[in-house]
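Note that chain A is present in both complexes that follow, paired respectively with chain B and with chain C.
For the complex of A and B:
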């Protein structure tokens, strides 16, 4: 049995909904999930980056993963929707409290900069609108060399039919440029009914243009490599959770 | 040799509200799957679905569904299953989703997997039992798991009863 991870569960202020979401993920067999805080800075007023609530406050007892004997591991993740290069400040202090960092660029220049320069782990491909730019081989290959991954989320496709078309179109154009490697699939689920089991997500990968082996990797080993990349960048030295991960992975 | 091969998909129907599961029947599930396949793959999908597809078994207490799909196109039909968001039955719409547990070539292999899976579920339920009597019942059920028909049904009743108790 390989390790399945879902690295994008939307944060909602409703504790019960979040709790049932995590329990549902554990029931389906995901051994690691990440709660995603989306930060979308607008030019008008200065907004603060949200601080993550500690896991122990969110849920009392972590449910045990289906098919294993360990409880599910919950991480924190920040996604910054960038429309301007000033939105992302490298090495800001607030980023330290998150385990994973993700960027969602909205223009071609930002995409290029994010792939080559910025210090993040995941680059999100937007699924709710037609992509205004095409993927070029150069930044994509640069990102793959640095260890970044591209993320496609599928819950918009489940909610709405027009979104389905955009999701599949954007995903297929991504696969053409990156040849199916370094891709992760995740839900951006807000409710417990929007998440899908790992084998179903693997099958969705086939719809997006991945091959069989690549689709399974997109849910398991590529996600694990993202976590290792985040650890290796030494971004979060103070967080006790990462020391635990370090020991586990290195054994 | 000439033998019609098919794939049996073992799925679990996950609902937020367990009591409404009992209202479901296999025709409602079949309709929901056909509608989803038609929405995702259009007329081609609808045509594929009309030939080899059927719902072989549905357990309303635990939410286990057996689907039979033809071997040549089971991946295509399977890829439409994540898009099911609700099932309509008797005028009510129940929000749910299908989680695929196992794909097998024959019903017997799926049954073997289901027995192991049910035993795992009972193991998971053991720490949550509220009193000693329930614990005894669960242990009995685990010990009596086997492939003979009578015991299988007893196991499923136990599972259904335990899960209803757990939700209260």
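For the complex of A and C:
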């Protein structure tokens, strides 16, 4: 087993809110979190991909993870909500400043392309609406073979009861196609109150159709394999953060 | 599309019923085999203040030491082995390491050193070990267990040198460490302690007097198996200060006291926390037995001993893990006629208690 991780904390411009979000994640026992910048290009006007704020500017002193003696590790992640194939430009230079890259496809064709072709780490499953397409075994297996993972986020389920139905239904239909492997559970929390502890998220995984062991892996070892996949895909990390990944975990 | 929610994580409960006067009772071995005890809580019914003998036994529990950032290869130091490990028993456990997240270390009183490592650490260390019994799908946790008193691990021997070089130069394993020694106390540990940042700690004692506690009637005969679960739940609720009233307006707790029940006008809850030695627990049990010999209003006492949730070993050096909770504890319910009910419980990733 590896340390607990929550790879989706929504970025807000409010520095205090983000700081309290990271602090509550550390207090709950998460050792690694990723700040998620969502990019939703529309056809109307050209938008720029956001650049991540360096972690040292967001929070002065990284809090210690509860029950361990190490501070929490904070990474940067970009999620692109795709409604057209031109929205994702492979090998764009702007992607290099992020540690993790995620896609949220909205049509079946884009889902297939994302699973089989695109160079990303995480594929997000929509939880706020009825699934626009069904999951076919072929692209799902292709994604699992390439080392991609599927992400289900749960904070929408906390906010609203209709979203709760969609989250559970969509998650169960994903589990039927992928048999519980290569899934990560994360919060997509905007406020500190929307994040839950790792063992609670494991229990939530049971509702989604994961087994005990699979649900615990979805918060720990599968997240770790995503990080290792992100490193292995050569995406020049300038700050050399990844050298520390192995050394810290070894101690 | 529905999900099977009938399966809950398993837990194990072993119940044993015997008498202290029976020669074949296994209570001393069962107490001794749980090497690392974190907390002992005692519930004394119809009692408002701790009797003096009980108090003195609690105050005489051994102190323990906390060393910060101890490099684990120091446990193989020749001088430490000769003065502490070979003479008497050393109890050592890594502190603030989680068994399902980090690398954990335990040094058992019989001289066995147990390292529970994740895959990378195990491969870097390069010493023979077994994959954990509780691995799911892939082997992600490995256990290295060596007997430091064995001739192959004598200082200078091949096995010893391999482990020492592994811990010193390949895998720099370092963690905060809790340490205790029996019977010597701290004297034989001093040379090791003096090299690092250390502090001595006394186990923390807390007492809490309660009034009007509803409690299940306990007779020496017949506690049915379904009653055992509800009795243990009630006992845990009392220990955790959780209300068992279950009023319709409160959503916080729906625990209830099992029927048939009575009301105790007073009760005393005493708990002691720290790195507690099984020998001290044994003395406490004997002291409670002599307390029960005198005629009392209520003729029972319950004692619960909790093991560390993040220890790599539980009873008898068997592997311990955490799936949802790492509970490994036993509850001893003692009666005035020297009979007892013993309930040993563990969580999902654990082997059967003795």
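By definition in this document, the second predicted complex is superposed on the first by the 242 of 251 C-alpha atoms of A that agree within 3 Å, B and C clash if a C-alpha of one lies under 4 Å from a C-alpha of the other, contacts with A are read in each partner's own complex, and residues count from 1 in each chain.
By our rule, a contact is a pair of C-beta atoms (placed from the backbone, for glycine too) under 8 Å apart; a residue touches a chain by one contact, two chains touch by 3 or more.
On a predicted model such as this, the values are computed, not experimentally measured, just so you know.
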{"item": "Room on chain A for both chain B and chain C (clash or fit)", "value": "clash"}
{"item": "Contacts of A:68 with chain B and chain C, given as first, second, both or neither", "value": "second"}
{"item": "Touched partner set for A:15, first chain B, second chain C, both or neither", "value": "neither"}
{"item": "First, second, both or neither for A:109, with chain B first and chain C second", "value": "neither"}
{"item": "Touching partner for A:200 - first (chain B), second (chain C), both, neither", "value": "first"}
{"item": "Which superposed partner A:165 touches (first chain B, second chain C, both, neither)", "value": "neither"}
{"item": "Partner chain in contact with A:89 - chain B first, chain C second, else both or neither", "value": "neither"}
{"item": "Partner chain(s) touched by A:136 [first = chain B, second = chain C, both, neither]", "value": "neither"}
{"item": "Stretch in clash, chain C with chain B, out of 55-63, 109-117 or 199-207", "value": "199-207"}
{"item": "Footprint overlap on chain A, where chain B in one structure and chain C in the other make contact", "value": "67, 199, 203, 206-207"}
{"item": "Complex contacts: residues of chain A adjacent to chain B", "value": "20, 24, 27-28, 64, 66-67, 154, 157-159, 161, 164, 192-194, 196-197, 199-201, 203-204, 206-207"}
{"item": "Residue ranges of chain B touching chain A (in the complex, touch as defined)", "value": "14, 16, 39-40, 75, 78-79, 81-83, 85, 95-101, 120, 124"}
{"item": "Of chain C, residues touching chain A in the complex", "value": "1, 3, 5, 7, 9, 96-98, 100-102, 118, 120-121, 124, 136-138, 140-141, 171-176, 323-325, 348"}
{"item": "Chain C contact footprint on chain A (complex, rising order)", "value": "1-4, 31, 67-69, 169, 172-173, 176, 181, 199, 202-203, 206-209, 212-214, 216-217, 220-221, 246, 249-251"}
